[in-house]
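Reviewing the structure listed below.
Order of writing sets the labels: A, B, C and D. Residues in every chain begin at 1.
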Amino acid sequence: MTFPAPLTGVVPPVCTPLTPEREVDVPSLIRLVDHLVDGGVHGLFVLGSTSEAAYLTDAQRRLVVETAAGHVAGRLPVLAGAIDMTTPRVLDHAAAVTAAGADAIVVTAPFYTRTHPAEISRHFRLVAARVPVPVFAYDLPTSVHTKLSAELVLELAADGVLAGLKDSSGDLGAFRTVVTGARAHPDITGFTALTGSEVVVDSALALGADGAVPGLANVDPAGYVRLFRLCQEGDGDGARAEQERLCALFGMVNVGDPTRMGGSSSALGAFKAALHLRGIIACPATAEPQIPLAEGEVERVGKYLAGAGLL
Amino acid sequence: MTFPAPLTGVVPPVCTPLTPEREVDVPSLIRLVDHLVDGGVHGLFVLGSTSEAAYLTDAQRRLVVETAAGHVAGRLPVLAGAIDMTTPRVLDHAAAVTAAGADAIVVTAPFYTRTHPAEISRHFRLVAARVPVPVFAYDLPTSVHTKLSAELVLELAADGVLAGLKDSSGDLGAFRTVVTGARAHPDITGFTALTGSEVVVDSALALGADGAVPGLANVDPAGYVRLFRLCQEGDGDGARAEQERLCALFGMVNVGDPTRMGGSSSALGAFKAALHLRGIIACPATAEPQIPLAEGEVERVGKYLAGAGLL
Amino acid sequence: MTFPAPLTGVVPPVCTPLTPEREVDVPSLIRLVDHLVDGGVHGLFVLGSTSEAAYLTDAQRRLVVETAAGHVAGRLPVLAGAIDMTTPRVLDHAAAVTAAGADAIVVTAPFYTRTHPAEISRHFRLVAARVPVPVFAYDLPTSVHTKLSAELVLELAADGVLAGLKDSSGDLGAFRTVVTGARAHPDITGFTALTGSEVVVDSALALGADGAVPGLANVDPAGYVRLFRLCQEGDGDGARAEQERLCALFGMVNVGDPTRMGGSSSALGAFKAALHLRGIIACPATAEPQIPLAEGEVERVGKYLAGAGLL
Amino acid sequence: MTFPAPLTGVVPPVCTPLTPEREVDVPSLIRLVDHLVDGGVHGLFVLGSTSEAAYLTDAQRRLVVETAAGHVAGRLPVLAGAIDMTTPRVLDHAAAVTAAGADAIVVTAPFYTRTHPAEISRHFRLVAARVPVPVFAYDLPTSVHTKLSAELVLELAADGVLAGLKDSSGDLGAFRTVVTGARAHPDITGFTALTGSEVVVDSALALGADGAVPGLANVDPAGYVRLFRLCQEGDGDGARAEQERLCALFGMVNVGDPTRMGGSSSALGAFKAALHLRGIIACPATAEPQIPLAEGEVERVGKYLAGAGLL
């Protein structure tokens, strides 16, 4: 497919359903993809953080892309994460996911290593030079422990290295610098700026974002698509109300007891519990070494769903 | 081989020589292994941070272990890093490196993900349960962004999960808690506590460490072996003098201009430049996206070597 | 005065003009206050970060509050920072600034110490119990190194401890949780939620913030007042355009060479240079040990002013 | 007094006994000073972190210095912290503590502000230029959130700005760089390098430290003096045994329940509980907003004392 430039709308980071034995549950993944497509989303992002990419083996990663891209069959663009520590490893993942059918790749700055802005720039340039599909930068300081500066993103966009940005930094001001900077720059056209937030999608769209990649859209894709349309139509009040409904639903990410588990276990466990309760995936298991939600915590997820009219 | 318990002495984290095209330079790696064995080291640690494990593809990692383990052929224990973000990915690496001949594996806490102590514990327990060789914990907060607590390390040692610790945290006080705690614990025997420091090896040995894993031992293995012997013999003044000579040599890690490159580029670039200047490896290239040292920076590495009597 | 509940509108954190000898320049401060009042602002916040509170001696702090509050003479509410490490020291500052005429105080969580959420709660409760004026929490993780959780802020608001929040965390999602949580909570009335951002004021107001405390409003108070009115009138396009003009102007905070100075020197130096260039303050000096802007950097500030139509 | 250059030996950071109303308990402070002097210590450091300087009002700080310096009356050097955010505020404290009798001051890098190495250098230079007594740098990254580089410390020592360093960074390797660098530098004489560690004092002394500033020396001054003497005499085994006894005693800092309080509350609460149990101070209260230890936690402090032969 010709990749849209820019890509606009709701692009959920697709959860990876697992069996109780922690293998990829292909039928559940296909049902989830259908659920998202039926919800009206505008693209899919597999192998992101919400997809538990960090926990999936190479074989599992490949199977996820093949399954999703194969099932979508060109109806929507499929972006795939190529998440690893450095350039050579990212290039291996990039080759694998494009061979498996991904239409674009999403890449973070190097992590684990002690990195410099000049090395981050070199990293993206090398990746883009050797990959046949568009490259999106993934700004996720919580995981990567560096923030991509707006200046670097714009420079790489102007040089044709980056096709877009998925911004999960939580720093809306810096994101705005990218959005307005890309709009004003004579050498940048078709750049895609996506927010990774669940809770300020209306704000991001109002200031010029092209779309959103909210993990919660796994649970309520139609809600985020509705939010996107309200924003497009300039219905600020309607958008705010829909966003606030989704914010309330997003409270589910904190059901996990923080003395017992980390934030990934709680948030990803909640999304999967919700998908299980809604009958979309067969098993709510998260990958090792995450801690499963307790029964009462799953019940609270159910209450969030009920409160949002989703059960 | 029967893995020593504890493993004592100098166990260099072996640099990975690369060709100008960034492929593993097998003949140089063999020469480097010989250089280390000839220097009297007591074991080898491949695929650690100094080995640029974070930058090597899976194929390169396998080749490194096969080459080193094959060439050593049981003369020394060979530990191999199984460095990745989470349990399932670490297990894949563990299978690969043990198949390639590693006698033990070295594993960090999960990284990139938002992790909880309970998840770190679960991670090591799962890895140890599924891996046929001893498991060492690798405490490297600079890269992993969590510190392994002494309490957790001792608990895992007492439960037979961990055979040892490579401590690169820089926190000698916490390391001492592990060393004295392991000595006092009725359920812990044969536990190996190794410091990853280059510059307080004498201190670590004096307080009870079993050995050291200094990256600089690539450049001067005989120096670290001499230091280890002086400590064993209780020659405090001699040990301090040798350690101070090695500290001065270690200054080479800062030759790289910090406005131009990060700490990994500078330190690993310096080690490889030194090995190249000493005629041990054919090419000083570091892996992408690291920034190469400039000519003048390499010259300064040469001066450090000359100052330490190594050129 | 009866303090407004909520306080709405633009509440600039007032710069503290200094003489070349680094004493408080009282005539310049009075001119600056007039400039802000004439610009239409709705309140003043003295002794905040933009005021260089961290750099002012106790005597200087007192003089600033006396001067500003005395000159305003009840026309506008005057909030004053009581910025120090712990409860007893904050209480001393609170007594001083209220004696000097402040209508409300602004307090951070403890810093420098190793602090726990329970201690942060206790801190605000003790301060509010002993201070006769409303207490605002100041969330500034860049300086304080902890983030005030939305849960804690709402709990303290419901218990009558906090009258408001100045949120300089940059985390608009968490700020939204406070805004919507305060609106929904049966025990919270009149709570004031202010954003400390310069660059997403329109976003914050759109999601329900009561007002803004932008440092850049020193330079262009009328611009932020205009932005506030456009938001109130529901003119989203007009607000965005005005906000984008102010975002461009805000670029001045980066004029300082980062190899020569820190972010405070650059940003506060730029604000003061702009006020000096606009003829409002007599001297652009910042407090010690900040590094002064170089001549060329000041020239670039002038270009930002010209670009925004302010010179 | 002529301040010793270098200052050698054990220099406890003196706890500040408080009454139940959180006023300075002068008789208890005098008893504590006597306890330390009787224990054989070589100097006193008041208004450090262990002294709860961050929690004391200016009046309380002054009273502490007057009491301690007055009671010591020149028998030992008295160093005093001048702990505040920036140069002007530090200068006020420096004037106060020297007027109150301090023989030297101890100063951190600026904190709370966003600081640059050039600003840190300027800060120390300005302080030293305006203060009539020797200035020690206090390296405490846990509180200050920057690390003083060895290069900067040595540069400031060579320029006569710094008389010494109190290193509480936990980074013994960097401390060694200062120690050996100061020894080798032609322009540095009489520089004092003190470790702030409780648990690697033997290591620090062995590599050339002049002395130690261990908070735990409040509880067991004689133990640390014994340790210092054993190190001086070159009795490595004896020193290690004494250090390990003190390390075990130091375990008391963790008695506080981390779900209920922060690290300062636990550690300072334990030191004060121990002093109270030993009959040296009248009340174990810590300053607000710290959380008091629970009864069972105080009992555990007692067991640590008993285990070390101190009850």
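Couple of notes before you dig in:
Note that in this section contacts are C-beta pairs under 8 Å (C-beta built on N, C-alpha and C of every residue); 3 or more make two chains touch, one makes a residue touch a chain.
Keep in mind the model is a prediction, meaning the values are calculated, not measured.
Separation of subunit B from subunit C in touch steps, taking the shortest path, is 2. Among the remaining chains, C is positioned farthest from subunit B, on the basis of C-alpha centroids. In a homomeric contact, the two copies may use the same or different surfaces; for subunit A and subunit B, over half of the interface residue numbers are shared, pointing to the same surface.
Chain centres here are Cα means. That of subunit C falls 35 Å from that of subunit D. Centre-to-centre spacing of subunit A and subunit D amounts to 49 Å, using the average Cα coordinate of each chain. Among the residues of subunit B, none is found touching two or more other chains.
Per the contact rule defined earlier, chains pair up in contact as A-B, A-C, B-D, C-D.
Looking at the complex, you find that subunit B touches subunit A at residues 22, 54-58, 60, 83, 85-89, 91-92, 110-116, 118-120, 122-123, 126, 142-145, 258, 260-265, 287-291.
Only residues 170-173, 176-177, 180, 197-200, 202-203, 206-207, 234, 236, 240, 243-244, 247 of subunit A touch subunit C when the two sit together in their complex.
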